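Each of the next two complexes has chain A plus one more chain, namely chain B in the first and chain C in the second.
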Partner chain A sequence: MTAIAPPRVGEAVLDPGGGRQSRPAGLPSTLAGWLFISPALLLFLVFILGPFVAAMALSLFEYDLLTPAEFTGLANFKALVGDELLLKALGNTFVFAFASVVTHLVGGLVLALAVNRGLNRALSYFVRTAVFFPFLISWAAVALLWRYVLDPTFGLVSHYLTRIGIDPPGWFTDPAWALPSIIGIDFWHTIGYTFLIMLAGLQTVPSEMTEAARVDGANAVQSFFFVTLPLMTPTLFFASVITFIGAFQIFDPVQIITSGGPDNSTITAVMYLYRTGFQAFQIGYASAIALVVFAVIMLVTLLQFWGSRKWVHNA
Partner chain B sequence: MSSALTRRNLLRGAGGAALATGVGLPLAGCGGDGGSGGGGGQAGGTVTFVYYGDAEDQKAYDALFNRFREEHPEIDLKFQGIAADSWADFANAVATRLAGGQPVDVVQIATEGQRIFMSKDLLEPLDSYIAKDQALVDAYYADTPEPIRRLLQQYASQDGHTFYMPGGYNTMALYINTDIWSSAGVEPPTDTWSWEEFRAAGEEIKAKTGAFLTAAGNGYFTDVMPWLLNNGTAPLSEDWGSSTLNTPEAVEALTFVRQLVVDGLAPEPGGTFDAPTQMAQGKLASFGGGRWPTNDLRRLDFIEPVQLVRWPENGSAGTPVGWDAFPILKMSKNKDAAWTLITYLMSEEFGDAVTTGGGATVPARISDATGPAFLDDAPENTELLVELLEVATPIPGPDRGPEMQMVIEEAWLQGVSGTKDPQTALADADSRLQGMFA
Partner chain C sequence: MSHTPATTRPGTTGPGGPGTTRPGTASAAGTAAAPGRRRRLRVGRLVKSVVLLVFGVLMIAPLVWMITTSLTAPIAAFTLPPRWVPVPFSLQNFADVVDLVPIGRQALNSLVVTVISVVGSLFTASLAAYAFSRIPFRGRDPIFVLLLAALMVPTQLTIIPIFIMMRHLGLIDTLAALWIPALVNVFAIFFLRQYFNTIPRELDEAARIDGAGHLRILFQILLPLAGPALSALAILGFEASWNNYFGPLIFLSSPEKMTLPLGLVSLSAGQGGGPAVVVFAGITMVVLPILVVFLVFQRSFVESVASVGIRG
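Let's turn to the complex of A and B:
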């Protein structure tokens, strides 16, 4: 979120072309512009807009991939209305996304504060690397790893819980524990990313302001809540938006660890979409679900932007 | 969710993808076995072979087919591995590629996907190719088990047409650690044995060695079907047209397994552990498997103390069976060349190479499955895997098989873990399955 200010009157304008025109002579400026953005535009068309338009079209058909599609109008959308499993999937996804946003914002900020203030440089680098490292591991590996770690009999966690007299729950078999377990694993895997964003945000807080607050008699807590936190709100807002968007599309760990069970307690919207499209081969219906997922994400993101006017401090 | 044996391990084993150690095998030429195909003449062109496996398996495949390439320079053989989580998912992935217009000529398809591909009219009948190479096919059939040919005919042919040539297969036996059994003073069974005998052995083993009797997972092939089939029932009807998951026999089977967990004779399900490793460490007295655990036991250098025995029965004997088979896709532009590849897959040389290379299925050819390359450096009584074909029931592959498999596995897990009582878990699943048949 960088603002580019116009040059002041009388200030020299940097010209990388040394005063010469940077585009080839005779090439219209609009064409040059299109050429510059064409790689990104091509990617957008092929991977974003194209599939989106295709999903809109496919949602109007009954199609099983292997036999010709049949136009059914809005039938897929009508079917969505009474689909209890979709409601369950959306409910689970909202719970997961909400928990993910809260835990990542709080956890990321706390970790960033600890690293930013309390540690010497060497230890700070070590903690940064250690916290970020799980994010570099693929979801498939993380999911399998945690299935071993949380195995109720031979798993590491169960072993130590049993040794201190705690009977481990059925992490992935008890409907009350399955979703929280996935939330915890997601936190472990992705907190490093939020942590880095928070750390970058903290380092943009001008030290003059916190020092001024201290001179005015503010203690550390007051300084944090009345100076640091308000200045961090743009970062918090950014993190909340991208965390929600990512969390609402959660798929890999659920698919690998619980397959949506037990009793659909961990089925998510994208997983339901996958099941419908690539296991039941109801591509039209799956496309309709995809549009619902898109609409929900867009709506929530718009709400976040609308709400940000009330709490995000833009300097 | 699997516990002792991951579905992934099974699936890597159940197909030719587990040919991994076949690199550099001295394959003989396939010219003697290879037919010229339905079109006659020397068929050439590009042939794309899709198999179950990942990039790691690619080199092994390439090596196994080096000789084929030498013998058939006119055929440009390409491999595409699909690293799916189950045979059902593999079939789905192939279908998606076909829908995307990707050229595929020959596919390795397991039992779960065979009927789906056939019913979608994706396959070329092999009758004319078989007729042209009748002697070769007859010789292959004469060396393959009758049950496999019969089941393939029953479940994967249509209107009298043959669409598949059979490949390797797997049945389910129990691998037992004889050291644990003898430490507990329990004699392993020599033939059939009952659930009560199995359980009594487990109690002795637990009391005297502390080891678990067996693993209690929820794999469709590795756990659900063996327990059901050995209690006279199955998850689906014989024609795969309706659910039979809510029968008293099924509830009884699930209740029995749950009780093993409750009594501490089987570890709690819901995570993942490596059963061969736990067995080698003396913590697990038995686990179920086909051929594939042998490779794990070799890796652990733990072949000698292990023996294969029959699954315990409760008045009825049974085992699931799954086999891989090779069809030619209707979309293939080089069907004659594709058939040439299939004849190579049927050849003695290929069978020998796969067997010697440590394949994780029972080889299709009886001569390979009863030969020293298969039986040496393997647990005692490995030939049981072939004998069990006499009581084998195919793993079901109805049109909505992947979804159904998920429902059944989830219900089994709920019952074994105690999340739901067995009756409720199976009744709920049965209701969902009936909805899928509607």
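Let's turn to the complex of A and C:
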């Protein structure tokens, strides 16, 4: 119990405008204000806003870094429409992101409920640590480790599956299994994060309410579905937005383990962007792909916010 | 609602949580429950504990296997059935890692990039957050909104122009290409500004009467009070920078310039790549320090992630 604090997000978000404004001391406040924001603002202009605008401009050019850029108008975007590999990449990325959101939300919630109360203290500490720790390891280390864990000859998983009589598939060589394998590894790596968010969310469900439901004769299942779950919807919503945004940018394990193969069965949007921009040096086309990724993430996030009015408590 | 000692099995519900009066569900039902129902609850708890224990063991099994394998002599490693005890014990694999890649140098590179990124971005963010929270100036709100909108722009979109920029500046294959763009962290500005807004303004008014200027108010009053926010941002910033793979993959190419994640991958692939057992030793060398730091600072780690909630 001691490891988790209630979420602080709520208490930090207070009074955005600030009722009273302090009077300037010394410098006129407009000058002082601009001076204080100038380092961050300059860096922001050079490394975020500038590149953002530049990426939009680059998407209208054909450019390979060596020969001068050539303006081609919307040609890159026209090419995107008929690009089957991009379609495949977006399809894979949607499958991955959807599976990621579902497995993380369900798994995280079930784990958090199980660990939240009524568990031996040492066991609770062990489970929390075991579930959370993989999240802190870099994707590079995780991907390399799992490449060996799922190795067909000396890997752990294949060996024990064979022992209990299951013939293991070629995890990364069978096009039908490669993407599910990456989904599984992603679950192992990041479930600890979702688990933690869910645990923090559970602390916001007052135990008086579930106890009151029990006193009124509700059983455990009823009190979960009619009290805990509705009060957890803001947490579930937050987790689903964040998980989707992260999952749609999946790149590291794909690049390290399969490079998008076999037969492009694991190529993702960012993997395709990397290939196009940094291996084939089609800078303009890669910029157009990046804009598509950005647009999809924005669109899905907006849709989630819009849809949240229908199912999120107090939305 | 009385909790009798009988319902609390020894070791099942340890006190010391946020609510100590919380033997919870079992005891609430316990007053009215028949003995049969109580036994069913107890069996249910036992089953749950066993399932969770198995799940926890499965989660760490790959890591345990990796560590024991890396400590096994190269000839005996990867024999089947998998070894869970490092016999014959050997540190040869770790020596091989050091021979194959400049891992010490790469650890130093990771440290340099991470420390400069985290300290630098917290510094610029503190200044900006102070202005957004405490100084009323013309143009403040539109700029703040502009910064917030930038939170949605993914790295993959900006990295192509930044790559071209770094190429013109001759900074490809240098650590500066990684840490210079990381000196600004829009999320940190936003988070700190929200935190500053919760600190009573009476404190800076009082300091101002004593003659303090903006800088002194920021560094001697607000920042010392913003400790939890700063440490949460520092921990998450450290984690993100230390584990970054995409940036180094694009900007760095020579082994002695690489950061640890990229160095690990280069250890496993291509010419001069090591066998699996050496890669395991490499990963172990990178993961063990994280494990130790995590076990020591577990509480702050967990609270930071829970309070800030951004995914690495």
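Basically, the second predicted complex is superposed on the first by the 263 of 315 C-alpha atoms of A that agree within 3 Å, B and C clash if a C-alpha of one lies under 4 Å from a C-alpha of the other, contacts with A are read in each partner's own complex, and residues count from 1 in each chain.
Convention: contacts are C-beta pairs under 8 Å (C-beta built on N, C-alpha and C of every residue); 3 or more make two chains touch, one makes a residue touch a chain.
Please read all numbers here as calculations on a predicted model, not as lab measurements.
> Report for A:Tyr148: first if it touches chain B alone, second if chain C alone, otherwise both or neither.
A:Tyr148: touches chain B and chain C.
> A:Phe47 contacts which: chain B (first), chain C (second), both, neither?
The answer is second: A:Phe47 touches chain C but not chain B.
> Who does A:Phe71 touch here: chain B (first), chain C (second), both, or neither?
So A:Phe71 meets neither chain B nor chain C here.
> Between chain B and chain C, which makes contact with more of the residues in chain A?
Of the two chains, more chain A residues are contacted by C.
> Scan A:Phe278 for contacts with chain B and chain C and give back first, second, both or neither.
In the superposition, A:Phe278 touches chain B and chain C alike.
> With both complexes superposed on chain A, which partner does A:Phe172 reach: first (chain B), second (chain C), both or neither?
first
> Looking at A:Phe305 after the superposition, I want to know if it touches chain B, chain C, both of them or none. Which is it: first, second, both, neither?
Neither partner.
> Once the structures are superposed on A, label A:Thr243 by its partner contacts, choosing first (chain B), second (chain C), both or neither.
In the superposition, A:Thr243 touches chain C alone.
> Pick out the shared contact residues on chain A: the ones touching chain B in one complex and chain C in the other.
Common to the two interfaces on chain A: residues 65, 144, 147-148, 151, 154, 256, 278.
> Using the touch definition from the top, list the residues of chain C that touch chain A in their complex.
1, 11-14, 16-19, 22, 24-26, 28-29, 45, 48-49, 51-53, 55-57, 59-63, 65-66, 78, 80-82, 123-125, 127-128, 130-140, 143, 146-147, 150, 152-165, 167, 180-181, 183-184, 186, 189, 191, 194-195, 197-198, 201, 204-205, 208, 212-214, 228-229, 239, 242-246, 249-250, 260-262, 264-265, 268, 276, 279-280, 283, 286-287, 290-291, 294-295, 298-299, 301-303, 305-312
> Help me check something: in the complex, which residues belonging to chain B touch chain A?
1, 3, 85, 88-89, 92-93, 95-96, 98-99, 120, 122, 212, 267-273, 278, 283, 400, 402-403, 406, 409-410, 413-414, 417-420
> Please name which positions on chain A make contact with chain C in the complex.
1-9, 11-16, 18, 20-27, 29-34, 36-37, 39-41, 43-44, 47-52, 54-55, 58, 65, 111, 114-115, 117-121, 123, 126-141, 143-149, 151, 154, 156, 159, 163, 188, 190, 193, 196-197, 199-200, 203, 207, 210-211, 214-215, 220, 238, 242-243, 245-246, 249, 251-252, 255-256, 270, 273, 277-278, 283, 286-287, 290-291, 293-294, 297-298, 301
> Which of the residues in chain A come into contact with chain B in the complex?
Listed in rising order, the residues are 65-67, 144, 147-148, 150-155, 158, 170-175, 256-263, 275, 278-281.
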